[in-house]
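Chains: A, B, C and D, in written order; residue numbering restarts at 1 for each.
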Amino acid sequence: MNKKKIINDPVYGFITIPSELIYDLISHPFFQRLRYIKQLGMTHLVYPGALHTRFHHALGAMHLMSLALEVLKNKGHEINPEEEQAALIAILLHDIGHGPFSHALEHSLVNGVHHESISMLMMEKLNLEFDGKLSLAIQIFKNQYPKKYLHQLISGQVDLDRMDYLNRDSFFTGVSEGVISFDRLIKMFNLVDDNLVIEEKGIYSTENFLIARRLMYWQVYLHKTVIAGEQLLVKILERAKTLSLNGVELFAAPALQHFLKNNISESDFLKEEKHLLNFAKLDDQDVYAAIKVWADESDRVLSKLCGMLIHRQLYKVEVSDVAPDAAKIASIQKRLQTKLNLSEEDLKYFAFTISITNRAYNAGASKINILKKDNTLIDVVKASDLSTLQTLDKTVEKHVFCYLDC
Amino acid sequence: MNKKKIINDPVYGFITIPSELIYDLISHPFFQRLRYIKQLGMTHLVYPGALHTRFHHALGAMHLMSLALEVLKNKGHEINPEEEQAALIAILLHDIGHGPFSHALEHSLVNGVHHESISMLMMEKLNLEFDGKLSLAIQIFKNQYPKKYLHQLISGQVDLDRMDYLNRDSFFTGVSEGVISFDRLIKMFNLVDDNLVIEEKGIYSTENFLIARRLMYWQVYLHKTVIAGEQLLVKILERAKTLSLNGVELFAAPALQHFLKNNISESDFLKEEKHLLNFAKLDDQDVYAAIKVWADESDRVLSKLCGMLIHRQLYKVEVSDVAPDAAKIASIQKRLQTKLNLSEEDLKYFAFTISITNRAYNAGASKINILKKDNTLIDVVKASDLSTLQTLDKTVEKHVFCYLDC
Amino acid sequence: MNKKKIINDPVYGFITIPSELIYDLISHPFFQRLRYIKQLGMTHLVYPGALHTRFHHALGAMHLMSLALEVLKNKGHEINPEEEQAALIAILLHDIGHGPFSHALEHSLVNGVHHESISMLMMEKLNLEFDGKLSLAIQIFKNQYPKKYLHQLISGQVDLDRMDYLNRDSFFTGVSEGVISFDRLIKMFNLVDDNLVIEEKGIYSTENFLIARRLMYWQVYLHKTVIAGEQLLVKILERAKTLSLNGVELFAAPALQHFLKNNISESDFLKEEKHLLNFAKLDDQDVYAAIKVWADESDRVLSKLCGMLIHRQLYKVEVSDVAPDAAKIASIQKRLQTKLNLSEEDLKYFAFTISITNRAYNAGASKINILKKDNTLIDVVKASDLSTLQTLDKTVEKHVFCYLDC
Amino acid sequence: MNKKKIINDPVYGFITIPSELIYDLISHPFFQRLRYIKQLGMTHLVYPGALHTRFHHALGAMHLMSLALEVLKNKGHEINPEEEQAALIAILLHDIGHGPFSHALEHSLVNGVHHESISMLMMEKLNLEFDGKLSLAIQIFKNQYPKKYLHQLISGQVDLDRMDYLNRDSFFTGVSEGVISFDRLIKMFNLVDDNLVIEEKGIYSTENFLIARRLMYWQVYLHKTVIAGEQLLVKILERAKTLSLNGVELFAAPALQHFLKNNISESDFLKEEKHLLNFAKLDDQDVYAAIKVWADESDRVLSKLCGMLIHRQLYKVEVSDVAPDAAKIASIQKRLQTKLNLSEEDLKYFAFTISITNRAYNAGASKINILKKDNTLIDVVKASDLSTLQTLDKTVEKHVFCYLDC
């Protein structure tokens, strides 16, 4: 069987699967599962095209990696075939531990277990199945390989992960504020002391990249209605888990049941493999299929919340720079309590506040170095003629008040 | 609440929701359900971007309808606001009766019930809920309205349904063979005796449209691997239904159970509303969520089939112009029987033949009339200087042999 | 003859010519001349696709005007057909007075005559030819019409002129840093007291628009090699004019001769129509056709400069934040003088400094008002959560040193 | 100086200049001249975006060549660096001999001299200047090199020249009927006995390519108004040459004068280099700059024709399958003769007939071979399931009657 395939991608044209090993990894159920985990969760409630998955994103990021390695090799940097394949595998698998609706899940079903940890567990398990062929990839993923730029291409301020998701999210939402010149940026990649740098001619593309990312945050990722949909999901799963832990039997696929009926911590994942195996069977569809059934549950809070999602009757969301007025919250809660005949305790499902933050650039972490023509390096923020970028380094925090408007 | 909204669509830029009534129809759970029914079923196994839904397609077709009506009005044809809204509603709802993986379903779960009939039932039900405001739309949908072109825009040889799905399928698969000049085509629309015609200057765009449609058939809709995925789904549902009817209890959401445990005909749908209400709760996710659980079922045929889908181990598909060689089939079946230890009867799940047909243009049905500059009409096939289009009128039948290659 | 036409535009799909009067204006030689005046002068030396013309830009801006007026009318603002046509004409003709390679020309051939003045003269002349049908358009163009927003749409901080040129320049150069969401921006247009405002939901698109404009300045409009090409043209025309004024007979079309042999001021244009009539015969082609012949002229400076352009041997350009070092300039001039055997006086053609500035937003002039949901207005700079935009208000000045590197 | 550059191309993103030699060839005035020769002559009168040049097309074709060679090498075919560079040069220079408005010119100014011959002469001259480094490229161009596929990639039924011009013409005109899947097609390239073949999976893309080409003929290349503009140019140059040969002194740049005042045959080009050197100075701009001056000439035929072009008052064009009616022609000529007060002899400038032909595929010449999975070869026409393609092999001839409608 021919495993060197090309795959149509509306974003890049064609993606080549570069080796048999990678073909086999893609065919593995762990990776196939990503076909059913949407990259942007409930964002499609606002942008109906945003149905692209972590499967597609992972392939796209791998494609950009192959372009980047080609550029670096053409500039005279030696990268051997093993390193090349390892870097491709590392980025292909970087998100493999994501669960359905990651953020909702991380705040409810698998409380406090980060997807990065699960990604690591899955890679280790795959490494066993594939006779250690993923060891170098894992080293790179963990940033334990001397050629640091291989890790920086996967996870850094201008990494290929971000580049692909900006491209892809912009393409599928139709939001052109996120358009970046990824091909120019990659062509400007270079290395200094095994660190990734960007040549001076790429400075405006870098600036555009950082600003596009920030605009996508406000226009898409933190769009009010997106938050409303995501929070509704969080509350539904919270309620379902509370009921399940209290012995109420809810409809759910066995793998979902596993996480509804048990409190499972990160250390549990390390101790018993069954948690990982159940997790590996979960995708967006199990959650939504259950929610449709729960809409007819006898628990009034759960059925109300699920009904809201099915009718796309989302929370009203108010975003502000300062904490919302306590009196206003109280008055809305009062109204809801009467109207829906809720207990004090159950109010939290229908009116609550959260906070969101967004920082587009983090000079402290690992700054973006621009390689000037005189071969000196300079932080992109200082290289820019405007203070535009300095402001991107500030954390913007917003207060969000969500409530059912009825 | 402001119900005049604009929606981002990566295909057309922005789609405007033209009225409150239409906003409320879109918010109805019947229509929201379409968010979870992929336009192209299992095609994403080949073209990973092809995750767009009937929800998005319906909105897109409505958008094209508003463009087309604008063009016709600008050419001096009177269309009043009621007709306009009705035409928009009719095309918005034209596919509302589609179930998950329509073709698979129509050949298994709801045997012999066409989605058009269910669409009609749902529209009638919505018409009751909306106090008769959909009556004119239903008349147009049924082709009972005197202005025949309104129906032809929804269902004809160059209708807006086809135009949107070619645009959209081409966009999300990344297959540029399907690119059509829909905007030019629509600008060339005109009316003669209340029938839709295309002005002479649109002849090459029409030709391109017909050929693009044919190419999309072979490149996408009837792609071998797409067939393989779809057939696997058909066989899984066939097997699950057979087991269910025999009393085996399988995991499934209640609405899916309803169709697994009962043989429901089109006349049943007419008699008892519960069938429709259950159907209205079904989407792609229920089916796939169940399949993942069934992979661990004790029935060996069912668990094998489901495991194949999860590992993307699809049937091998051989397409030919003549019926496949009986001896070859027998030999492959023999091998499978031994290898999988199958009963004679269960062989049909792992090796079988079907036939597929494709006709891009149907001169008999309702031909495409070109309006010449001298105001005469001529069938597009005759207007073209080549016999290209005449060949599109022929039915192409192909024989497909599917089997598990192990 | 049917004068209601549609024109293919790769940027917007189709542009409709909305009336016979506008069709006739477009057919007028004054307007047809714009077919041969490139929007971006010598930029195609760097971006070979950048051959689009002021003709195409004017049509595109008119198209955006028709979209904007449609949006405003749909929001309940009354705009009558006369105003509509006048606004379309005003933006169609806003650049009609541009000469070939405007900037080069304005600094040499028609010293100190601004293209705006010539646009006005041409519009007045067309108004005579078209029996006063352009009077309202001229009022709008001059900002003398009470509905101030009609002028603001043509000339303001987020006007349709800028919107079209960002779209168009980005499209034809292939520089994606200039991509803006013009359709979203236009859909967010609204009016308050006859002034153009942008609804709050358009704030991120506005920010993107301002930043895209700034990036295009540095990436395209003020690209080093673009400056090098433009300055070479300036110097060629300066030399040719100096020679012509001294009685040297150079090859040139009569209209070009007219401006080579005479010093013509803005007041001369007002006094004698022949200047305008000659100007109306000039386009890019006359200049370049002459330059090719001048490459064989006996004047060594002129032939050297023209030869440089034909061989694409452009000046070396050094851009810095501070004035270039005088000693360095002197040393390079010294070398050039010896090498090319130049007189002191002629050195200025081969080594010289200029300064360039760029300010993306001008809060002082006519700020961009954001219409908040509570119906208050706020300057976009203050509405943004970052100080990004405040920095755009600063003038950035750069020093440019151009010299022949030989 | 860094001569390894990347160039922005809106069609392909970026084009890399692969070597110093190629950089120097591109900088040569012979090649820079192509910047001012539009690929589609007067087509911009209909499609205003169609201003792209032979310069850009040549770079684009070279880019496709580099992609194609990469694909072939990846499939295990050995192509050494010298062959690679030679193939790139051969396609880069394949059109270098084109004059301004080639077809117009070939029928008037340089009667009977084909651009292919001039391309050969220019390549030979460049080969001298570059010390024989173009010898292998010339061998490939002349189809004298054993690896025949290298020539077939430049000139064949699915060559990269055609692929680039379909892409480019479609992009710049905005006519989506010409969109082809060039990247899929190239990925399906393979070699059998040093001949170019297309793998079976590329059959629908090949079909699309052939049909797109045919549609572009009728929609763009042979569009009525395009013909009208081109014929007007032919007639202008015919008249100007007739006058010049009769001793009338017309304004023109010296190189253009050279061809107006002399009848120069292909053998003259071979005999005396001055013809080539003059030709190498000609571009579109010389012709149009002269036409603007000729509009004021005393010869009534010439000034009338030139005035028509400047006012975009083009011939009326009637296209038919049969020869136009002689009586009708006579009647129109009669009317014109009276109206314009023309001599019998001069009528031919204002009313005349020509014929045009178009054949999209030429099975006789060098057919397109499809490589089936069983390793047999089959002509694409036979491989297709429809007779669509067979019809493309027929020559379609149309009769065109052009006349001034006044």
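The working rule: a contact is a pair of C-beta atoms (placed from the backbone, for glycine too) under 8 Å apart; a residue touches a chain by one contact, two chains touch by 3 or more.
Remember, it's a predicted structure, so these values are computed and weren't measured experimentally.
Participant: Could you tell me which pair, B-C or C-D, is linked by more C-beta pairs in contact?
Facilitator: C-D
Participant: Find the chain most remote from chain A, comparing centres computed as mean CA coordinates.
Facilitator: D
Participant: What whole-Å value do you get for the distance between chain B and chain D if each is reduced to the mean of its CA atoms?
Facilitator: Taking the average C-alpha coordinate of chain B and of chain D, the gap between them is 43 Å.
Participant: Which integer distance in Å separates the CA centroid of chain B from that of chain C?
Facilitator: Here chain B and chain C have centroids separated by 50 Å.
Participant: Using the average of all C-alpha atoms in each chain as its centre, how far is it in Å between chain C and chain D?
Facilitator: 32
Participant: Specify, in ascending order, the residues of chain B that touch 2 or more different other chains.
Facilitator: Each of 13, 175, 184 in chain B touches at least two other chains.
Participant: Okay, in this complex, where on chain A does chain B touch?
Facilitator: Spelled out, the residues of chain A in touch with chain B are 7-11, 13, 27-29, 32, 35-36, 44-49, 51-53, 55-56, 59, 171-175, 251, 253-255, 281, 283-286, 288-290, 292-293, 310-313.
Participant: Inside the complex, what are the residues of chain A that reach chain D?
Facilitator: Touching chain D: residues 6, 13-14, 183-184, 187 of chain A.
Participant: Enumerate the contact residues on chain D facing chain B in the complex.
Facilitator: 175-177, 179-181, 184, 204-205, 207-208, 211, 214-215, 218-219, 321, 385-388, 391-392, 394, 396
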